[in-house]
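In order of appearance the chains are A, B, C and D, and numbering begins at 1 in each one.
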Amino acid sequence: MSAKASPDAVPFSEARIPDDDFARMREENLARWPTGAGVDFEAAVDRHLALPEHKRLGFVMRRADAEGRCLTQPRGGFATFEMQKELMQALDRDGLADVVPTTTDSYTRNERWPQAEAGVEESKKLGRSMLNGFPIVNYGVDICAELVAAIDKPAIVLSGTAMPRLTSEIVLAGGYSGYLGSGIAYTTSYTKEVSIEDGIRNYQYLDRLAAMYAERGVDLHRRQPGFLTGTNIPPCIAIVVAVLDVLLAAGQGVRNYGLELGQALHLIQDSAAIHACRELCQEYLEKKGYDDVFTPVISLHWMGAWPYDDAQAAALLAYGGTLGAVGGAVSVTTKSTHEAFGLPTPEKNVEGLKITRMAIYLARHTRLDDNPEFLEEKELIGREVRPIVDKVLEMGDGDAALGTVRAIEAGVLDIPWSPNRQCQSRILPARDTDGYLRILEAGDMPFPKDVLEIHEAKLRRRAERDGVPYDQDLAVTSVFEMSEKLADLMPFAWGEGH
Amino acid sequence: MTAAEAAGGSPHRTLITGVIGSDTHIVGTRILSMGLEKAGYKVVALGALTPAEEFVKAAIETDADAIMISSLYGQGELDCRGFRDLCVEAGIGGVLIYVGGNLVVGKQSWAEVEQRYLDMGFDRAFPPDTRLDGVLVALAADFSTRGQVEKEVG
Amino acid sequence: MSAKASPDAVPFSEARIPDDDFARMREENLARWPTGAGVDFEAAVDRHLALPEHKRLGFVMRRADAEGRCLTQPRGGFATFEMQKELMQALDRDGLADVVPTTTDSYTRNERWPQAEAGVEESKKLGRSMLNGFPIVNYGVDICAELVAAIDKPAIVLSGTAMPRLTSEIVLAGGYSGYLGSGIAYTTSYTKEVSIEDGIRNYQYLDRLAAMYAERGVDLHRRQPGFLTGTNIPPCIAIVVAVLDVLLAAGQGVRNYGLELGQALHLIQDSAAIHACRELCQEYLEKKGYDDVFTPVISLHWMGAWPYDDAQAAALLAYGGTLGAVGGAVSVTTKSTHEAFGLPTPEKNVEGLKITRMAIYLARHTRLDDNPEFLEEKELIGREVRPIVDKVLEMGDGDAALGTVRAIEAGVLDIPWSPNRQCQSRILPARDTDGYLRILEAGDMPFPKDVLEIHEAKLRRRAERDGVPYDQDLAVTSVFEMSEKLADLMPFAWGEGH
Amino acid sequence: MTAAEAAGGSPHRTLITGVIGSDTHIVGTRILSMGLEKAGYKVVALGALTPAEEFVKAAIETDADAIMISSLYGQGELDCRGFRDLCVEAGIGGVLIYVGGNLVVGKQSWAEVEQRYLDMGFDRAFPPDTRLDGVLVALAADFSTRGQVEKEVG
């Protein structure tokens, strides 16, 4: 085991990894931990092809999109097999989840498998999960297959990491038909020391692997986590990264690729973002000559700080369903009223699913596709995204991989609140008077001047309204906003109240 | 003047901040660090994904007065075990150690969680809804007691 | 005490009740139950004028409207003073209610005060409320004043009845600054035997009384309960009644008159309804020469059958806040997750308020005022409402009171699911494929042919989609729809699921 | 064929429906009445706001086999007391009496609520989420038992 996979001989670029190189990379990779030996690609293909259609996420996402449905999918992982199975069954049966997740723990994500092992032992001893997810590499392929068999929906792995090589081999071999993660998004938001180049390489591996399944008729669903650091990410930033990540995935042969967007919590902005994301990704895919990549958008419950009050959290859950349904997302990834405190119990997770599902049901007919404010905002997003993506590609002489690494180093591509050392993280978002997420400081990102003026004007209006200076504190208060007490957010407006 | 304003920091007091273990949640520690600096403290910010040993190393190097550990992702209960011993072994056993965030997996009774961390040797533990004000008041109180003790001893 | 007040000598019309007649009517009225003697109009005026502005609902509604706020107001009533005070304080303090209610019990509503008295005794004996509201007439003026003093918000009385004469005298004397109820809406939806004429007369009394306060500088807030029978009321029906009720109120001198609308649970239809309601009421007020009646619209949480599942109910609560905020309602009247089962405990009532308030906070910026579908729907509502109102006024030779009585008899004005014998109740609404409430059967209501064709086309599409005949069952299933289990409303779409 | 379909009504069986007391909730009783009629029963619908005495009167006049009382508004617990006695006094003490709806004020344990109504002399009580199917099955079962009893006695 090593925290970093050995450097690959393949030169770094967006090009498809050659088959023989890939074979060698796989061999090295699978040797890093005993359970790697359990991976048998041929058997895995058969396993997938034997699954009924409704348990294949690739199929389910395509059909949901074609039928205009909005699905629900929770997150969820606990330390032991028993806990994990019980959780997944509760989400499937009681929560009516359309897609059932397995979230890995953070040791697994950082390839600290011995520590994960210790966490399992400790959890068994104490009778409660000491890990924040399921250490799926330690458990191996057969256990994956058992979990997939325990539910009657497609299963997806959620593993926020820049190092998905071994995890993905094992879970795909075990019958999981969905895998969340991407090189740019996760490396900038989940790691400190991993270089963007390594992160991208690692996901090129995963994407090539997924494409290998596809070549054998297994239409796996790959997915990009556009929520990034989850902290007031304006749609344009998420979408720039989505465009680059999907180009990288397409380069390896992926054709079924979901795009996640964290909710901005504004009905118009989120609808605009969902539409713009898909359109802009398709626009750049086309430019690169890909006309057959399926890119459904998935809307994520508020990814920033949650309120500590159950009732407030319930409203956020329901609104998240509304935003996803009205925005035309193909699926909503859900949270629970426990979000501000810790991982939800299966019951609370189920509750979150049901609140969201009912909210989706209620709003499933409503679309804002010809609403003037929506059209305006969507257009603005285009004006924000294209200059950045164009510049990134230009910096890479047309290569998305090279361009991204150079652009992040130069701050041309920047992520708010990123822990990664390579990322300047000088861009700073804040919420404006109308509830839109805007850019307070752009760092070195080359947004057009007129676009930045719009952002500044709107945020200056907020500073005025709040009677505070126009400074970084606008960003900090925006981080806390949704976690504030209702009595502070919306007090009785007259008299002292209480 | 609020209690927190009264509890202004001192540039002679050095605080180490950071997020322990494989934990990537940087927002809380970053905002905390900004706030502590603004309040007058000298802050050495280690950021996310910081091994326990690095906290101790930084504390020794900067002769720090307190270590402010964040843990959000739930595995802090594993990461934080033995942290006080590490300090003792490194010869800074008396340093003030705070921990804050989502300190366990799941929503558990705060009183129990707090006790667990106090038993591990932390001077104070802070729940998820902690804001800067409360931290400033606690630091001021602890430093003044310690000042007293040092004076009494000295 | 008598269930019906003695017939008034004044001829029945929309005209203002002459002062001397009114003085006589009041005298007779106040003599019907001992607590009537506690009413002292002069002292009452002083009591109101001594209230701080923020405890006067007339003021609070005007300011909320001017400032573009959306308030929250729950319902709530229990049998004894102690229970009622505790409830009101919880709603005020813990629930952050902007307006604090006192709902009367159903014996009080039907002027069965001795039965109410027995209910109080029984409740004290059993230690739980045996009445579904507070028997405020039995308690009298001073207790009203104590309740008003116990909170720091304006207080409103909710008393679904066609017989508000004595109740209103007592609560207005006691310092309540809001009173919900109207002659047409409540008589058609809350009574079986009371004639429309008597119901209108009774509310003319109340409106005259409120206007008498206004003449002395006390800007009370009167309010019309447009939700009617709460059962899939299409906006046009509610608005026709609102127009007629506000004309009647204005005729007695009322100038601060809220219009309630039960939510249709469709973002576009509800927004359109809220705007259309206010505009159409103003249009007819103007036609009648009233240019100074303040008519804010209040949006009510779903008034039909609720789901039995807490999570589903929570989504309905939150969506109700969204609908009110986006629609531009000045206030939302809230329910709780206990709705399908029974009166909520103070805790559950508080929770309902908080979920709604947070939902309002989240959507407070969003407006659909220039959305094409919204504009179309609003226009359609106008085409539905005007022909009916015009016909009603024509039948009354321009008199709204006479016209209403004749129109209801003739079925020209009809209410779905009405228990009232005078009401044909042949009109039958149902939900269409797009989630709009439409008219399945119009009875004798003279809607234009082209309008009815729109409704029919949309409902036929639903019958097709559901694969059911185009018949009354579309209406019945629409009654149950929102109370169905989530697994039935929105099952996993592929495979058997569970 | 579902159990409910099997439990078709008979036009020889007359059912009185209505809402007791000062209760205006007419939707449930109306839909129930429609459904019972469709299922084959003869239904006499008294509608909302029906005094207890009127149920008894109607039952005598139509020689009814069952009285189906609705109560939604919470005060049914007061309104329904003594209903069986009223029937006994009127000489129809053996009539089948059902009650259904939101039978008490607030959300209370259904088992307790049901017991309270059974103690009042109702043959069955139905919770708020009752649908036609369940009612048809219950009626069929009770009528068949009663038919049996009558036969055995007769």
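Going forward, a contact is a pair of C-beta atoms (placed from the backbone, for glycine too) under 8 Å apart; a residue touches a chain by one contact, two chains touch by 3 or more.
Fair warning: this is a prediction, and the values are worked out from it, not measured in the lab.
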* With subunit A excluded and the rest untouched, write the groups of chains still joined, or say one piece. => B | C, D
* **Where subunit B and subunit C are represented by their mean Cα positions, the distance between them in whole Å** => 55
* What is the distance, in whole Å, between the centres of subunit B and subunit D, each centre taken as the mean of its C-alpha atoms? -> 68
* How far is the middle of subunit A from the middle of subunit C, if each middle is the mean of its Cα atoms, in Å? -> 45
* **Length of the line joining the C-alpha centres of subunit C and subunit D, rounded to whole Å** => 31
* **Graph class of chain-chain contacts, one of line, ring, star, complete, other** => line
* Which chains are in touch, pair by pair? -> A-B, A-C, C-D
* Structure fact -> The residues of subunit D that touch subunit C in their complex are 21-24, 26-27, 30-31, 34, 47-49, 73-75, 77-78, 102, 104-108, 128-129
* **Residue ranges of subunit C touching subunit D (in the complex, touch as defined)** => 105-107, 109-110, 112, 115, 118-119, 122, 128-132, 160, 189-193, 229, 231, 305, 308, 338, 340-345, 348, 417-419, 476, 479, 483
* Can you list the residues on subunit A that touch subunit C in the complex? -> 52-55, 59-60, 63-64, 67, 69, 92-93, 96, 98, 152-153, 265-268, 307, 309-312, 314-319, 321-322, 326, 350-351, 354-366, 368, 370-373, 433-436, 486-487, 489-498
